[in-house]
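What follows is a pair of complexes built around chain A, which joins chain B in one and chain C in the other.
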Partner chain A sequence: MKKRILILSMAITILLAFSTPYVFAEPADYHVGCVFAVTGSASWLGEPERNTAEMIAKEINAAGGINGHKLVLHIEDTQGDNTRAVNAVKKLIKKDNVCAIIGPSRSGTSMAVLPVIAESHIPLISCAGAEVIVTPVEERKWVFKVPQKDSDAVKRIYDDMAAKGIKDIAIITGTTGFGAAGRDQLKEIAAEYKINIVADETYGPADTDMTAQLLKIKNAGAKALVNWSIVPAQSIVPQNMQQLKMTIPLYQSHGFGNIKYAEAAGEAGNGIIFPGGRLLAVDTVPEDNPQKKVLVSYKEDYEKNFHEPVSTFGGHAYDSLWILVNALKKVGDDPAKLRDEIENTHFVGTAGVFNFSPTDHCGLNKDAFEMLMVKDGKFVVLKD
Partner chain B sequence: MKGKNSAGFFALVISIIAIPFIITNDYYIGVLVFAAFNCLACIGLCLLMGYAGQISIGHGAFVAIGAYTSGILTSKLAWSPWLAMLCGVLIVIVVAFSLGIPALRLKGHYLAMATLGFASIVHIVAVAAVDLTGGPSGIVNIPRLDLFGYVLNSDTQYYYFSWSVVALAVFIAFNLVNSRVGRGLQAIHGSEDAASSLGINITSYKVQIFILSAVFSSISGSLYAYYMNYIDPGPFGVMHSVLLVTMVAVGGLHNIWGALIGAIALSLLPEFLSFLSDYLQVLGIHYQPDYDTLVYGSILLIIMLFLPEGIFDGLASTLRGSKSFYGKLAGRRTGRVQ
Partner chain C sequence: MNHTDGTFIDVLQFLILGIQRGSIYAMVAMGFNMIYNATGIINFAQGEFVVLGGLMMVTLTMAFNLSIVFSFILTVLFVIVVGILMERLTINPVKHPTVLRLIIITIAVSIIIKGVAMCFWGKGSHYMRHFSGTAPLEFFGATILPQTLWIFAILFFVVIAYIIFFNYTMTGKCMRACAINRDAARLAGINDRKMVMLSFALSAGIGAIAGIIITPIIQMDYARGAMLGLKGFGAAVLGGLGNSMGAVVAGVLLGVLEALGAGYISSHYMDAIALVILLFVLFIRPSGILGSSEAMRLKEF
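For the complex of A and B:
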């Protein structure tokens, strides 16, 4: 009997924990969910994304909201973890009644939430890179993504190699959703460019030394190396290469697009070449580029508010939230109407000029990339 | 099942039935479904750790094997989810047997070391065997579970199903504990030499309970895969095994109820912290998600400092405030062979 009382009281305690007051808001508010990896190993993605989303919401609400409706963001932290991401998305849909979701930050977490999205018919604009998130498009009716395509990134890298006459290359990829998707694309597109992959190595997101993999690559006689990853471990590769006195050119993916990665690589990072959005080298974008105005205004706002350099990833949150806000302005917060509106969006963003269509839920092409180089701890546009 | 435990079991069943009537939001039901998966693995682990006195830091690997077997067989070969789950159980039995036979013959912490290594290996295979496991991209399109042709679509349906499995596991565990095997295991926990001198086949008992606990984990993994409809190596790292051990230790090593409470408490804690942050935000205090780790750590530290026997035994003694009652309430502890 006593034990029964004890268990019942435990049950009541748990129930009480659930009944904490909700944040009441006016019914006319537009509720938008954000799912970012604010902490954890992908925090260099999630933090600028959260900052950007909060900044934009503040700006919109200060200017009177969207057609008079206040924009309310519900920001959830996935810590880059799948179970948490699924829980967060369910919470946003079922508890916070959001009309659309932006995020998750990572490819793995984006893939994990797809079944929930497909079932609940809420549009999702992912901030993650892997192309499988939006292909095949018939199965991804409710899903869009704003980062550039990984296949386009591979093509830009191979274009550059072809121009330099490099044929034998090695690839080293992170064992994450983003890394694995990149590895597939690198191998698939190599034939098209008659590029020969002589070594194919991987490393875990928490690894601290890649010397063993790099030695194999060195012995395989590769003339260039592609390092494809999204987490901080990618910055160890250039350091290990320097220790091994490897002087072959190092290419990174668009997952290198936070200056913190270049800073972490230190002096060894000098000369790294990677395809990136124009946001990372705003100063060198010509005035007549359609993106110039957006890039300059976002960069200035972000750096003024947060006192740190902009990154590709914050730009993804900028693009996804503005695409959504524009749709909200036009059709209100009905999820189905929002989805149809997003599918026909033309938008000039930080990652490129978006042209979504029923057959393309990414909307960017390979012109969205600029080949960038690390020079003295800064990103500069690579001159041919 | 004895008096107090059957009363507890009755309360558990009533709570399971009643909760969806009180909590109507699917999201919280979903959180409780994940708690059920952890409960299932922890009940098995508690039998091994609390009753047989063997530490395994590799049960996350058995969860992974269950999840991957189910995921691969259903999504790639279109097997029935039930058959795939059964297949996962069989694989886990074979694996646990071959791992347990050498490791459990040894005394000391060899099982902990062997299982730790095993957890690491399984995770690496999940990451690296791309053709089989999908690698870091994982496996998509895992079907939902159906019950007599009736697909478990909603969270509430899955809640009832998964918690029924937990209730069944609790029932099995208590029957086992109060059987000849259970008493033998407790004897082994007390003193292996003494137990051996009484004619208990130590290795055989230990291997059996190790396999049983691995089977519980495997089923929990399969259920996870059918609920998520997507798996990747992320949730099956070594840290998941450590988390399971922590759940059992926090709840109370020596009692099935303790394992259950520990698993529920640590599964719900992140949700509670997210509530806390919402609440503080309303009060105007800026709560960073980074603080979660601090709060989480402090709670574990406080429990281990002040309730070293775990929440269940600790609360029981605090509530009663008297040693004599404590002995009675902790129930089976008094009957344990010391």
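For the complex of A and C:
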């Protein structure tokens, strides 16, 4: 008899123990995947992105989550490598059951994961620049991106050249996804502006000396040079130019948007012109600009938490995660509903004012860029 | 300026660039050879010594604002200590040192050094000021950075010091004896284990010097070691493994081929051009440019 009571009471205890979560069930967590190049040669992109994502998640959860649901980030490091990126995305979808993914950091890795996204029907918000990631939009139903468009960056550069009467230019691009996509855009849009590309050179992602390529450019008689890449080569090109006594203006892509690049270029970096988001020159953005408030608060939060200057790339993580969080707030974590919600988002972010639509999965136009110039290791807005 | 002049200046510019690259490959290759001669193994952590030299120099000059000369000496000493520790802690205690075992140990050490360097210096690229300004100098119409002159001068000095050490000092001669025949050297009363330690110290020192002088030009990050090591290894093989003068010639040659390849064929295939030529040399002369084929047949690896 005693034994029976014991068994019975044990059974009840066990039952109670297992049923507790159902009795006092909290809302289920929202699982979001993040795929960033935290280490490797593109860690200058991935590290601020990871920092930003973690900072935002902490802030949201401290304030009680999204409608009471805790936000759980699953952060994967791609090391900037295509295979790792694909594996990470597969793992996030199959094992972690995420409802959406932000990242990858690089254009190459973003392109590599597109087939997986297309068949698994999970929305992805890429932090990479190349436009092919979201075009043609019919084939990219589940894919969005937050950085400004390559073609808009090219147009801003060519606008500036046109204003200065520069016709013959040279281009030098990295052989990465971002560099190759930029090279195509530079060549394609040149005709529209009647710009003549007299030299077209490339370099590998790990190259540390571009003197040979620059010498060819010098001999070709170009009146300006555009460098398009994301790797540290961006600060080596101006130094090599200085060595060869080249005095033509140097334009760089929006990939130059990290103050470390300008610092690394040193004295040779003075006068570099590039299209960049307003985040880089927050102090010089006028008070009445709709982005001003977002920019100031993100910059202050980031710099207070991580003791390093804010960069465009962290801003991409800020934009993509907040767009996703806003959608989660409205429709919950059903991937299909999230996708539809993101497609109709209007959002004021660090990169610009987003207006997503079924025909535009980037949502920014060329006003998102400001022409910036390097002056004594700082970015300043270029005045006409 | 007429066309021929322009071509001449271009060639000169590529040559300067190539010799500058090649000088670093040469120094890395010399480091490989020293350890190869003393132990018969390839030290795959050689590239890491270069990285440590570069990064340490950046810290001392940029963060602590020490003078170039003082930081130079401190950095070289620091990397030498790392080299000695590596030998004492990982190579010396191995009970049955076979070539394969030791090589795998050096690979492990290279991964550890890389990881530790990443923790200390972070993942970004580090830059430092040039030794004496960045204003380029004119040289027959081509331009040359003062830093490049420093690189040439220091390579020259290292080669001279190397020759004096190995030909005119007792310790140097002992090391050569060990390289030629370790058992016979031991019978003659030479402490061969000490010579192995010394070879690690010296090769770490040369690696550090290479890292220090190239960092102002190419910047430095924790992951550079593998590529520098590979190119240096190429130079060492091309020059004939174990032959340090061959390594210097081959290193400079490799650098020049790369520069000319990038300038006249395509910057896309720069690395491939140099390595294809390396393959051809090895098909025709497996012992390397200056290596002796007879000596090679006697070696284990």
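In this section, the second predicted complex is superposed on the first by the 357 of 384 C-alpha atoms of A that agree within 3 Å, B and C clash if a C-alpha of one lies under 4 Å from a C-alpha of the other, contacts with A are read in each partner's own complex, and residues count from 1 in each chain.
By our rule, a residue touches a chain if its C-beta (ideal position, glycine included) is under 8 Å from a C-beta of that chain, and two chains touch if they have at least 3 such contacts.
All values reported here derive from a predicted model rather than from experimental measurement.
Visitor: Where does A:245 make contact in the superposed view: on chain B (first), on chain C (second), on both, or on neither?
Guide: After superposition on chain A, A:245 lies in contact with chain C alone.
Visitor: Just checking: does A:211 make contact with chain B only, chain C only, both, or neither of them? Give me first, second, both or neither.
Guide: Second partner only.
Visitor: Could you look at A:221 and tell me whether it touches chain B, chain C, both or neither (first, second, both, neither)?
Guide: neither
Visitor: Using the touch definition from the top, say if A:39 reaches chain B (first), chain C (second), both or neither.
Guide: A:39 contacts both chain B and chain C.
Visitor: After lining up the shared chain so the two structures overlap, which partner does A:87 touch, if you call chain B first and chain C second: first, second, both or neither?
Guide: After superposition on chain A, A:87 lies in contact with chain B alone.
Visitor: Based on the superposed arrangement, let me know which partner A:260 touches: chain B (first), chain C (second), both, or neither?
Guide: second
Visitor: Kindly classify A:268 by the partners it touches after superposition: chain B alone (first), chain C alone (second), both, or neither?
Guide: In the superposition, A:268 contacts chain C only.
Visitor: Could you figure out whether chain B or chain C reaches more residues of chain A?
Guide: Chain A has more residues touched by B than by the other partner.
Visitor: Which of the two partners, first being chain B and second being chain C, lies in contact with A:358: first, second, both, or neither?
Guide: neither
Visitor: Identify the partner contact of A:179: answer first if only chain B is touched, second if only chain C is, both if each is, neither if none is.
Guide: After superposing on A, A:179 lies in contact with chain B but is clear of chain C.
Visitor: Which parts of chain A are in contact with chain B and also with chain C?
Guide: After superposing on chain A, chain A residues 39, 175, 202, 204 contact both chain B and chain C.
Visitor: Can you check the complex and tell me which residues of chain A touch chain C?
Guide: 39-41, 43-44, 47, 175, 201-204, 206-213, 215-216, 219, 232, 235-236, 239, 242-245, 260, 263-264, 266-268
Visitor: For the complex, which residues does chain A have touching chain B?
Guide: Listed in rising order, the residues of chain A that touch chain B are 1-4, 6-8, 10-11, 14-15, 17-18, 20-21, 23, 38-39, 76-77, 80-84, 86-87, 90-91, 93-95, 107-108, 111-112, 114-115, 130, 132, 174-177, 179-181, 202, 204.
Visitor: Give every residue of chain B touching chain A within the complex, in rising order.
Guide: Chain B residues touching chain A: 4-5, 7-8, 10-12, 15, 19, 22-23, 25-28, 30-31, 34, 127-128, 130, 135-138, 140, 155, 228-230, 232-235, 257, 261, 264, 268, 270, 272, 274-275, 278-279, 281-282, 289-290, 292-293, 315-316, 319, 329, 331.
Visitor: Would you tell me which residues of chain C are touching chain A in their complex?
Guide: Touching chain A from chain C are residues 6, 10, 13-14, 17, 21, 118, 123-125, 127, 129, 134, 136, 143, 145, 217-219, 221, 223, 227, 259, 262-263, 267-268, 270-271.
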